[in-house]
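Chain lettering (A, B, C, D, E and F) follows the sequence in which the chains are written, and residue indices restart at 1 in each chain.
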Amino acid sequence: MDVVTMGESMALFTPEKSGQLRYVQNYSRSFGGAESNVAAGLAKLGHQARWISRVGEDEFGEALLRFLRGEGVDTSFVERDPEAPTGIYFKEYRKAGSMSVQYYRHGSAASRMAPGIVSEKALKGASFFHMTGITPALSVSCREAVLDAVKTASRMGVRVVMDPNLRLKLWKKEEAVPVLKELLGYTDIALPGVDDGEVLFGTRDPEEIGRACLALGCHLAVVKTGAGALLVTETDVEQVEGSEVEVVDPVGAGDAFCAGFLSGLLDGMTPAEAAARGHQTASFVVQVKGDVEGLPDRRELAESDSRDVRR
Amino acid sequence: MDVVTMGESMALFTPEKSGQLRYVQNYSRSFGGAESNVAAGLAKLGHQARWISRVGEDEFGEALLRFLRGEGVDTSFVERDPEAPTGIYFKEYRKAGSMSVQYYRHGSAASRMAPGIVSEKALKGASFFHMTGITPALSVSCREAVLDAVKTASRMGVRVVMDPNLRLKLWKKEEAVPVLKELLGYTDIALPGVDDGEVLFGTRDPEEIGRACLALGCHLAVVKTGAGALLVTETDVEQVEGSEVEVVDPVGAGDAFCAGFLSGLLDGMTPAEAAARGHQTASFVVQVKGDVEGLPDRRELAESDSRDVRR
Amino acid sequence: MDVVTMGESMALFTPEKSGQLRYVQNYSRSFGGAESNVAAGLAKLGHQARWISRVGEDEFGEALLRFLRGEGVDTSFVERDPEAPTGIYFKEYRKAGSMSVQYYRHGSAASRMAPGIVSEKALKGASFFHMTGITPALSVSCREAVLDAVKTASRMGVRVVMDPNLRLKLWKKEEAVPVLKELLGYTDIALPGVDDGEVLFGTRDPEEIGRACLALGCHLAVVKTGAGALLVTETDVEQVEGSEVEVVDPVGAGDAFCAGFLSGLLDGMTPAEAAARGHQTASFVVQVKGDVEGLPDRRELAESDSRDVRR
Amino acid sequence: MDVVTMGESMALFTPEKSGQLRYVQNYSRSFGGAESNVAAGLAKLGHQARWISRVGEDEFGEALLRFLRGEGVDTSFVERDPEAPTGIYFKEYRKAGSMSVQYYRHGSAASRMAPGIVSEKALKGASFFHMTGITPALSVSCREAVLDAVKTASRMGVRVVMDPNLRLKLWKKEEAVPVLKELLGYTDIALPGVDDGEVLFGTRDPEEIGRACLALGCHLAVVKTGAGALLVTETDVEQVEGSEVEVVDPVGAGDAFCAGFLSGLLDGMTPAEAAARGHQTASFVVQVKGDVEGLPDRRELAESDSRDVRR
Amino acid sequence: MDVVTMGESMALFTPEKSGQLRYVQNYSRSFGGAESNVAAGLAKLGHQARWISRVGEDEFGEALLRFLRGEGVDTSFVERDPEAPTGIYFKEYRKAGSMSVQYYRHGSAASRMAPGIVSEKALKGASFFHMTGITPALSVSCREAVLDAVKTASRMGVRVVMDPNLRLKLWKKEEAVPVLKELLGYTDIALPGVDDGEVLFGTRDPEEIGRACLALGCHLAVVKTGAGALLVTETDVEQVEGSEVEVVDPVGAGDAFCAGFLSGLLDGMTPAEAAARGHQTASFVVQVKGDVEGLPDRRELAESDSRDVRR
Amino acid sequence: MDVVTMGESMALFTPEKSGQLRYVQNYSRSFGGAESNVAAGLAKLGHQARWISRVGEDEFGEALLRFLRGEGVDTSFVERDPEAPTGIYFKEYRKAGSMSVQYYRHGSAASRMAPGIVSEKALKGASFFHMTGITPALSVSCREAVLDAVKTASRMGVRVVMDPNLRLKLWKKEEAVPVLKELLGYTDIALPGVDDGEVLFGTRDPEEIGRACLALGCHLAVVKTGAGALLVTETDVEQVEGSEVEVVDPVGAGDAFCAGFLSGLLDGMTPAEAAARGHQTASFVVQVKGDVEGLPDRRELAESDSRDVRR
């Protein structure tokens, strides 16, 4: 297993047209979840990725597992919950260029993940353990489960990768900041966005954000700035520019960047080279509606190598 | 207001094809709820009907209110919940002739209804207060709310109509039976099915079921037997046959019967005549997919009068 | 040209689901019209068929012409109306097994057909001129146009075929009966149904209906009885049984029968043999939704010859 | 009742794809009508709005009434016509950025509105009576009905608001100009566009258009210039800029402006403040396909207050 | 691996409505293939199933692999063909109760399977090797590949299961019979239908068909008779009745029977018990449109055990 | 007949959403083919156009013929192939602004066209014979068929129009160049694009490309440069600018240009005037999805004359 990740994924219902959902009759079901996006992105690039979660013993749970297994993601450590349902959510396109969501995830199977779900057995042989700041926001037991997971990974020498992905819709700032900072303490590579930085560290300056991550114990911070990424280590600061493409749907860009970046590291690239691959990967995703549907495979990545990327 | 009813309604998602939902991508949204079906049925027949409930301050709540207001149902006493969502559910057609549901109603806005929601003001001038045995199954506060409502109605001289509608998926028999029996104690007209009777009174014999209702305090029991209905009072037992039509979708037949039956009483019919109208009304609904979509209006009822009904 | 026919065809909007149209959001457009059904049926069987009508200079007119030209029907004598629109209509499936329509055909282009539209040039060389009792119901000018057409056809020795197709929704009995009787006076072959017979001649007895047609001047009456057809001439009465197939949608069966019957006569069959082909043709149509979509081609007819037909 | 309006609304069929309708098979039904758009916009902002019209006793009439009642619009003064149908129309997106319509409204129920339909009873207590220049174009009786309505409103001291909305597709300039000028004579607040101005007064200069309205008797003219609005009174001329948003579908912008503007006046704003709210309201609508579907509610308006508006 | 199977699967396009495909605009894509149906059926019942085939390096190949991996089928031995496409086919529902197909499989990737594709490595540890008579009909190299596979399986002691599945649309009787007979010579368990038997052995008598299989070398013949199955061994003849359910779509019943039957054997059942499970499994499939979509899982099978099955 | 053209057309399946086809379930069928696009464009402008090809005796062949006949194209010389299927293809929108195709055309009926298919009878009276460089890429017999056709046309004095339309996906440059050059030797009017020019003559300079065509024997070369066209004859070089419109879908622009250009010549315009009409025609097509669906008719062309075109 190259990368192990954990988190909640849900059935996603997309309305057939824009406007308030009250006027929309038809919906199309797909799937969403930051961590499973990363796992699918890695699998599509030919890496071994394991996604750990908890889903209901229901049809949307079955559908979700089928989708991810279909993408080549290992789901053998996913728990099934006989009592709690698989979470679902609805997208709404109310205004041009914006999107909001309505969740039915409260009390979901995934919110009942608990310490021990990411076992030593599950992490054995992994190069990276990836998680996001969404999971600890789901419930107290999820918070404990993530903390337990990063401790186990640390202990086993599996490098921890964290995308803070701070969602103030799911928890309050006062609650979130100390938890995320504690998790960053176990993190090797942090992938914060500028918005994350503002809440966590009170600054939108990429370099300051990076340095704050290092101060908490990270070895590398890859600060996503929209146009590109700033790589900050104890000794180095390096800017990697993104590619310029037409953006059809920005959702999933961060996850795709993460998948591409980890793919690069797994292939032995330098962090800067890996970040360039991250940008490349993201540039595919934003040109297609859907988080996973636009992820490139190895051949597509190779074809776009010479054309799309600017350093 | 002719009839006041209370209960939960939800957004209903119907899959575009049969088979396990795991294989279905497209869904169409409508609405479902036993009590709002009755209210809509009455409104369509020209009566004044008020539906009392609690829905989220969300898009599906807006959609539900629009739908029922559109049908002519009074929703002015519906509460909006800023924190809990409007419940939703999914239908699945797994095998020929059968249907199952997946609910996302736990912790819904409606499950947070509490005593007082059916106020004297809301009941003022009503001929009937209608409720079902589904509502007390939703939560403790719902149970208390229904009991409070029937007490208020009794006190005000509003006749209480109860469809036991026992759903063992929502609560256990041990829990349900005493609650429903207590509610039947405040009920003037009970509309049990044979399945209800079996769980409540341990018998599938229509007359015995009717007598058991009377023993609890009801003045009239209309026992639905599938093929027709048995009307039981202290002094009389009368069988009213249903009409024979092709059944496309049986869901909603009981609610339609109830609407037609109350419509008949409101028009001054005898209970037996009213039950015949109930059967007529139900015969429309079962010929169309959807609970409300098949309900007849006054003109349609009149046209079918001479043709479809057998006594 | 083997057969020339005239009449109105319209764009037909079919709801995506059953129930009152008030609840249906999505519609699918096709086309309908008794006379163009006959023309398409003949063209599909390899005969030359011309359909004469008047359609708007609008998109539904264009669509209708494209559809019929696509089927191989000659539309070169169709008039375009720069002012009046092409008629349209909606189907509604309210109850199991029944269907009703909502027309937007009042003042349509076709209702403005006038004498002369079926010219000698248009009829030249034709074996049959076909029309139905729907056309004279559309307007006064249509009535005159049909009368003019049958007179022209008679004069030219083109045999007139008439399907009375009496629609009491379009005109009153008092208005319809004398007009249809006058038209039957110019008719060689009448194809009345039993319902037509009842209104026109006050009898549902097939033989009596046939004799009444002959009395008006027809040489052959093919009385459609649902299960089969009774052929009545001055000298002969012959019953031809229909085939037994599962009926999915009965609409269009009469038109298909007429197309198959005329096809048989054009191929030199006896009337009884031709009626058998009519039944065969109809048996294809009733197994498919849509009037034209189920019409068979020559090969299909041949294949079903030995299997489906009973005399 | 805060605002009473009158006019025709129709079932609107939108093709599933662009291009000539002749190639489009699937259509989706919604509703359209300038005056009911204004009523729905006001209701969504929490005001009491009554829409007066005449619809057929048919399914599209039922659907239309359900839709507007659902939106919270009072429809209790709408007449039902047992003989004439509810009008319908089709949109066509032939070229990028343009849209045309095909009407089936000739002889519709609404075209049979007649004087008296806007009764004193219907106007009682209203602050504004709103109408547009579309209604008098529908028929002679509609013309008389509008004139009768504005006279009644004037007499009762209800302020008359008029959007000229001149449609040269429905009537000729020679016919339209005197009628609209007569109506402006009874109008307190006119909301002409620059195109209206050009036809009515021969000028595209906003101030000149405003002055011409005043000369006819209006007290306030709000001349819509696309980018904003010019408010002209006897003593004052004030420009109110619109907001800059991405326009997805411009249809309905004028109606939304009118709804927001009247909402502002009802809330006690100055005309300039009310016009700013009008622009805000319109900015929501143009970002969503559909006239009503994009209208904001009170909360959305509040949220966008600080962000979207420029004065 | 419990069962290894080989064969072609294709993307399947189902028309949205019945009638000739010439009139159908919209199609929905799923997947079909007898052998992958069996593999999916086994995986859904909790067994390890491997499907071996060859698919194009194209999108439909990717989709097919995702679907089967999603179902839990092992696809690690599937070959990818950089030059030949994945086959596709279209269904047509021309007449009530009948279905025909249009293939685009000539020269497909799967038709290029060759000896060696079912390697010793692929068969290692398997209890059964399953194949059908469809594969040798695809091409000469496929014929050789199947023969090579059964020889390898025999040599390794893997029991060979064969469903003759004779398709006279794909090859001629003269060609097919000797090939299928040769394959039956390597077969332990044959699952012929009565139609297969008629072509192969000139008899529709189930027992005679079974005996003919044994004569060729099979140890057990399970002759499918529609209503049930006749099990024939050297020493025994036993009839196992099927269940009686409403048949919505019979396609896939034979594959489901085979999956259930092998599942039973893998669970240590007697052949007769296993055949009963086969019937049970098939009874699920025929109640749902789609070959795989109706397959039951272990829990569903258990629930239906006491209810649906007759011996 | 004004113009005769020959070539392959196929059923085209368009996915309902963008992204890799592996994720797309629903498809919509239309039709595509360069030469039939030209024929349909001419027919829509009122000219007589004949399309010659070979299609399968299958449903997609029937559908294709219906579509083109519907458009008014003469299909009486199209051959039916009882053995080979009508080709089909799928579009994929993988990245913003790009499109790729998956063909199932290998061994199609059209690829079996052979010399003689464009007979003297078929060309009799034609002003132009049009073909493209796609046809000779389909098979050896197609190559021979095209060469035979241009020779026949030359001999009969029918002017040959050729759009090289070089598709390196269908054949190799080495194969293509000599064939296309030989065909240009029989061509009166060549319509190369700049990309064609680069492969054929090693230059992207429009004038050089034009001169190279003349050198091979053409009398007029119309070199399409995206923004406009350069007309090159022995004596003259003239630039004709295109119109500036929003491009929704560029596919079909070249075919539309060709249709408009030939329409102009048939109407007696000079080549420069005809090229302007070509640009106008193309400007309609690129504003609509679909090759044929956006083609203008005569009235639309007239209306846009004064507005859209710049010389």
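Here, a residue touches a chain if its C-beta (ideal position, glycine included) is under 8 Å from a C-beta of that chain, and two chains touch if they have at least 3 such contacts.
Listed by chain with UniProt protein names: A, B, C, D, E, F = Sugar kinase.
Computed from a prediction, not measured in an experiment: that's the story for all the values here.
Put simply, the chain farthest from subunit C (Sugar kinase) by mean CA position is A. Think of it this way: of A-F, A-E or A-B, only one pair shares over half of the B-C contact pairs by residue number, and it is A-F. The chain pair with the larger count of C-beta pairs in contact, out of B-E and B-D, is B-E. For subunit E (Sugar kinase), the chain whose average C-alpha position is most distant is D. Inter-chain centre distance (subunit C (Sugar kinase) to subunit D (Sugar kinase), centres taken as mean C-alpha positions): 45 Å. The distance from the centre of subunit D (Sugar kinase) to the centre of subunit F (Sugar kinase), with each centre set as the mean of the Cα atoms, comes to 47 Å.
Centroids built from CA atoms put subunit E (Sugar kinase) at 64 Å from subunit D (Sugar kinase). With touch defined as above, residues shared between interfaces to two or more other chains in subunit F (Sugar kinase) number as follows: 20, 23, 25, 66. By the touch rule above, subunit C (Sugar kinase) contacts subunit E (Sugar kinase) in their complex via residues 245-246, 248, 284, 287-290, 292-294. Within the complex formed with subunit E (Sugar kinase), the subunit F (Sugar kinase) residues making contact are 13, 20-30, 58-60, 62-63, 66, 85, 88, 90, 92, 102, 104, 106-107. Of all the residues in subunit A (Sugar kinase), the ones that touch subunit D (Sugar kinase) in their complex are 17-20, 23, 94-97. By the touch criterion given at the top, residues 65-67, 69-72 of subunit A (Sugar kinase) touch subunit E (Sugar kinase) in their complex.
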